[in-house]
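Shared chain: subunit A. Partners: subunit B in the first complex, subunit C in the second.
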Partner chain A sequence: MKISNLDIRKLWVPGSLLVILGLMSTLTLYASIYTVILITSILMYINLTVSWVIFSAPTRYISLAPAAFFGIGIYTSASLGTELPLVLVILIGALLSSCLALLIGALTLRLRGIYFTVFTFGLVELIKHLLLWYEIKFTGTRGRFVILVDNNTIYHTMLIILVVLLITAYLIRRSKYGLALWSIGEFEDAAAHSGVNVNALKTITFAVSASFMGATGAIMATRWTYVDPYIAFKAFYSFMVVLMAAFGGMGQLYGPVVGAAIFAYLEEVLITKFPYYYMLAFGLILLIVILFIPDGLAGVIDNWQEKRKGKQHANP
Partner chain B sequence: MPILEGEGITKYFGGLAAVSNVDFSVDRGELVGLIGPNGAGKTTLFNLISGALVPKSGTIKFNRETITGLKPHRICRKGVARTFQSVKVFPEMPVFANVLLGSTFGRSTTPSATDAEGESAGLLAFVGLLDVIEEPAKSLTLANRKRLELARALATKPQLLLLDEMMAGLNPTEVSEVMELVVMIRFMGITIFMIEHVMKAIMNICDRIMVLHHGEKIAEGTPSEIANSKAVIEAYLGE
Partner chain C sequence: MFVTFLEIVIAGLLLGGLYALIAMGLSLQYGVARILNISHGEFIMLGALTTWTLQGSLGINPLLALAVCGPLAFILGFILHRTLFRYLLSSSETSDIFEANSMLASFGLFFVIQNLALIAWGPEIRGYSYLAFPVNIGGALFGANRLVTAGFAIVIGVAFYLFLARTRMGKAIRAAAQDPTTAGLMGVNINHVLALCFGFGAALASIAGMLISMVYPVHGVMGLEYTVIAIIVVVLGGLGSILGSFIGGFLLGIIGSIVTYIDPGLSLVAYYLIFTILLLVRPTGIMGK
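Now for the complex of A and B:
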């Protein structure tokens, strides 16, 4: 009895993940176009949030740069989409974002705490205005048209990026580098004096995280058909990502996934029903999360499971 | 044969010379104490040796190789481990993971996962923390956090161990337990350079003592020489 119980428990997680993946990859066969588009937006937020969590959750460097890396992906698509195949455009978007992250990382990861956060926030504005200046001065236009890709392809690409991203995030967490990133978040100088090459590890992880944001931007742009720097580099995306990660909880990998999914759906509902007040609702939710569930949904579930375990021990 | 040599080490913080023109050397296998009044520059000297700070001038050699200006992780992998004055164990991490980090990253050659885990467990047994390996480090008492930090430092397989006030804040029983550990580590063949304010500890176990005052070395010698040195007594008590 005990052995079979154990086996079922072991199979439960990968089994249900496979079922979910199967349902999701065949979604376009049975769901309405609206559902596919809605879930694509949700996947976009999940991608951005999980990418953010790879770097910012263990190291506790709160980055507000997601919008910058996302925007780089969008602009890669806008400028190369007509000339190159989609796969290549996405890969280049990922590459450019990670190159920018390497540069930024090498320059600024010496900054700690709020200084790093403010810098990354400024970065989004800097790139936005630089690009605006470039477009007006040299190309003479403000925006660009993006080549159209059909909804199902966008959806499937987004899903593939998510699967690769989740596997990457899982492997990093489980590896020795996951442990090292965690130690950086706890006491950076003690980590360095224990042999961790903190600057290299931070910079490379920041770049890995950025590459997925760039890829997500590159595919997402094809749905919007027209972009300009104001659309591509919205600080709003950075804040949403941090909010979603905090709401879902960063202690477990499923936290940010669930947090992003709920929030993205909520955005969709609120924006159609209360177009003027939905930001207010987000603000309230953020306050409640920080005050009452600082470890997010995953933290609540962890606590609940521990309590249940405790009860089992108490009454065998 | 010296394992650690410093020549003309100088470090300024703004206009203040925290360490000024200090020469020192520690022989392989020796247990050397570093004492001095508050603000004498002891911790700064340790920060310079371990790479947390870079000296303005002077060279530091470890095993005859210049290590001045190297990053802390490089110096650690060469065989210099340290503990901190204010204990810096990773608070949310389990005790075991704290030590595992040191054995995984802190060595010149990366050990296999099994070796790293086995040796981490061995070190935790050595410092007496085997019962609490799954607890988060923050739940330990100060004395145990200091033991944990010591285990993490040892996990990097150091040749030289820099101990910054291991005994501070401990009660007399804990002090003698930690002193025993230090002596055992020394018999394992690890050279120890320690900053200490607890005179009982320093006088009993050190082979040699160095005294810093206002960033300068004012005396050096055996414990009894230091105890009778006029310069040292003046530095501590005033003229």
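Now for the complex of A and C:
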């Protein structure tokens, strides 16, 4: 009895994940165009948030660079989209983003804590204004048109990126590199003394995380048809990603996924009708999460499960 | 040639006065209270829009709006620190965690304040005309309102600096900036001082907002741009150094003025470039130790 119980429990998680994946990958066959577009936007935020969590959750380096990597993906699409096939454009977007991340990583090795955050924030603005200046001065236009791709292709590409991303995040979490990353977050000097190559690990993980953001940007750009530096390099994306991760909770991999899904859905539904009230609620929720539920939704669920387990084992 | 030179330098000083005031406010909040207040610019916006309302609907002289904006922002800031940040301070295990948490909380505040203002005032760009006649300084022409703005900024900046340097309360604030734990052991009521700093920071921001509204158009989303400039100046001047922020403000103003003369599109690029290079080469700033 007990053995079969265990087997079912073990199969429950991968089984339900497979069912969800099956439903998601065939979505375009049975759902309306509106639903597909909506879920594409949600997937975009999930991609960005999960990528962010790969680096920032374990190391506790709050990066506000997502908007930079996302924007580089967008501009890769905008400048190469007409000349190269889509797959190649996405790969180049990922590559360019990770190159920038390697550069930032190498430059900011000495910056700790809040300085790193401030630096990454400034970087987004630097790229934005530099690009704007370049566009006006040399190309003579402010924005660019992006090649159109049909909605189903965008959706499927986004889904593929998410699956690869989740597998990567899961493998990193389970590996010794994941452990080393968490040890950096706990106490960086101690981690270094314990034989963790802190600098290399931080930089490479940052680049891995950036590459997924770049890929997401490259495919998302094709839906917008027109982009300019203000659209592509919006600091707001960085803030959203941080909030979504904090709200969902970073202790578990599903935390950021759930957090991003909830907020992305709310944004899609509310932002056109009540933009100010939506953003107001957004700020209030952020405050409440930081004050009262620092471990996010995943933390609350973990606690609840611990309590339930505790009750099961306790003698009545 | 000389007139051009004079024009650039004075324009830089005029801009720098505002930057210095904004940065001094953030320097108190970040340098002393350890809160990288992303919502700093929102207090500027509140000050600017309040002044616009007082000027437009009641016909009050913008400079007199100081008596309303300053105290109101101070009370708001003081209460925010006493409730929100005080709670975070007690729940964060280390100062690093507090810095991260308080910054995230200020993101929340940023959205809350900005959108409350947008609901109250709407998204329109506002402005009014005050002392908008040119004044001739050695051949270079400047708007009288800009001169008054810069003069006021310098007076308030210097007055505040004297307050920090000469009074008992100022000494307590400087002690808290250097070492909060030891200052607490020496009998400084640290929570009170930190809340005061946050309140003063908000008040300075709001006064800067009042001055900005006399020269530039104001609107609900103007804040972040000034927050960023404040962060750059604070890092430039050195974390925790009020004097550094004051000098850094003028320095950035002059740099901005020079770059604007060469190519107006590059001024923000130059700010960020200086900022990134500074963080990499000398993160402690010009006055930092």
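Before moving on, here are some points about what is shown:
The rule we apply is simple: the second predicted complex is superposed on the first by the 314 of 316 C-alpha atoms of A that agree within 3 Å, B and C clash if a C-alpha of one lies under 4 Å from a C-alpha of the other, contacts with A are read in each partner's own complex, and residues count from 1 in each chain.
Going forward, contacts are C-beta pairs under 8 Å (C-beta built on N, C-alpha and C of every residue); 3 or more make two chains touch, one makes a residue touch a chain.
The structure displayed is predicted, hence computed values, not measured ones.
Once the two complexes are overlaid on the shared chain, A:G22 sits clear of subunit B and of subunit C alike. In the superposed model, A:L179 makes contact with subunit B only, not with subunit C. In the superposed three-chain model, the partner touching more residues of subunit A is C, compared with the other of subunit B and subunit C.
Residue contacts after overlaying the shared chain place A:P85 against neither subunit B nor subunit C.
In the superposition on chain A, A:D189 makes contact with subunit B only, while subunit C stays out of contact range.
Under the contact criterion defined above, no residue of subunit A touches both subunit B in one complex and subunit C in the other.
Taken in their complex, subunit A has these residues touching subunit C: 60, 62, 107-108, 110-111, 113-115, 117-119, 121-123, 125-126, 129-130, 132-133, 136-137, 235, 239, 242-243, 246, 276-277, 279-280, 282-287, 290-291, 294. If you check the complex, the residues on subunit B that touch subunit A are 50-52, 71-73, 76-77, 81-82, 84, 88-93, 97, 100-102, 104-107, 113, 152-153, 155-156. Every residue of subunit C that touches subunit A in the complex is listed here, in rising order: 36, 84, 87-88, 91, 96, 99-101, 103-105, 107-116, 118-119, 224, 228, 231-232, 235, 263, 265-266, 268-269, 272-273, 275-276, 279-280, 283.
Contact residues of subunit A toward subunit B in the complex are 176, 179-180, 182-183, 186-187, 189-199.
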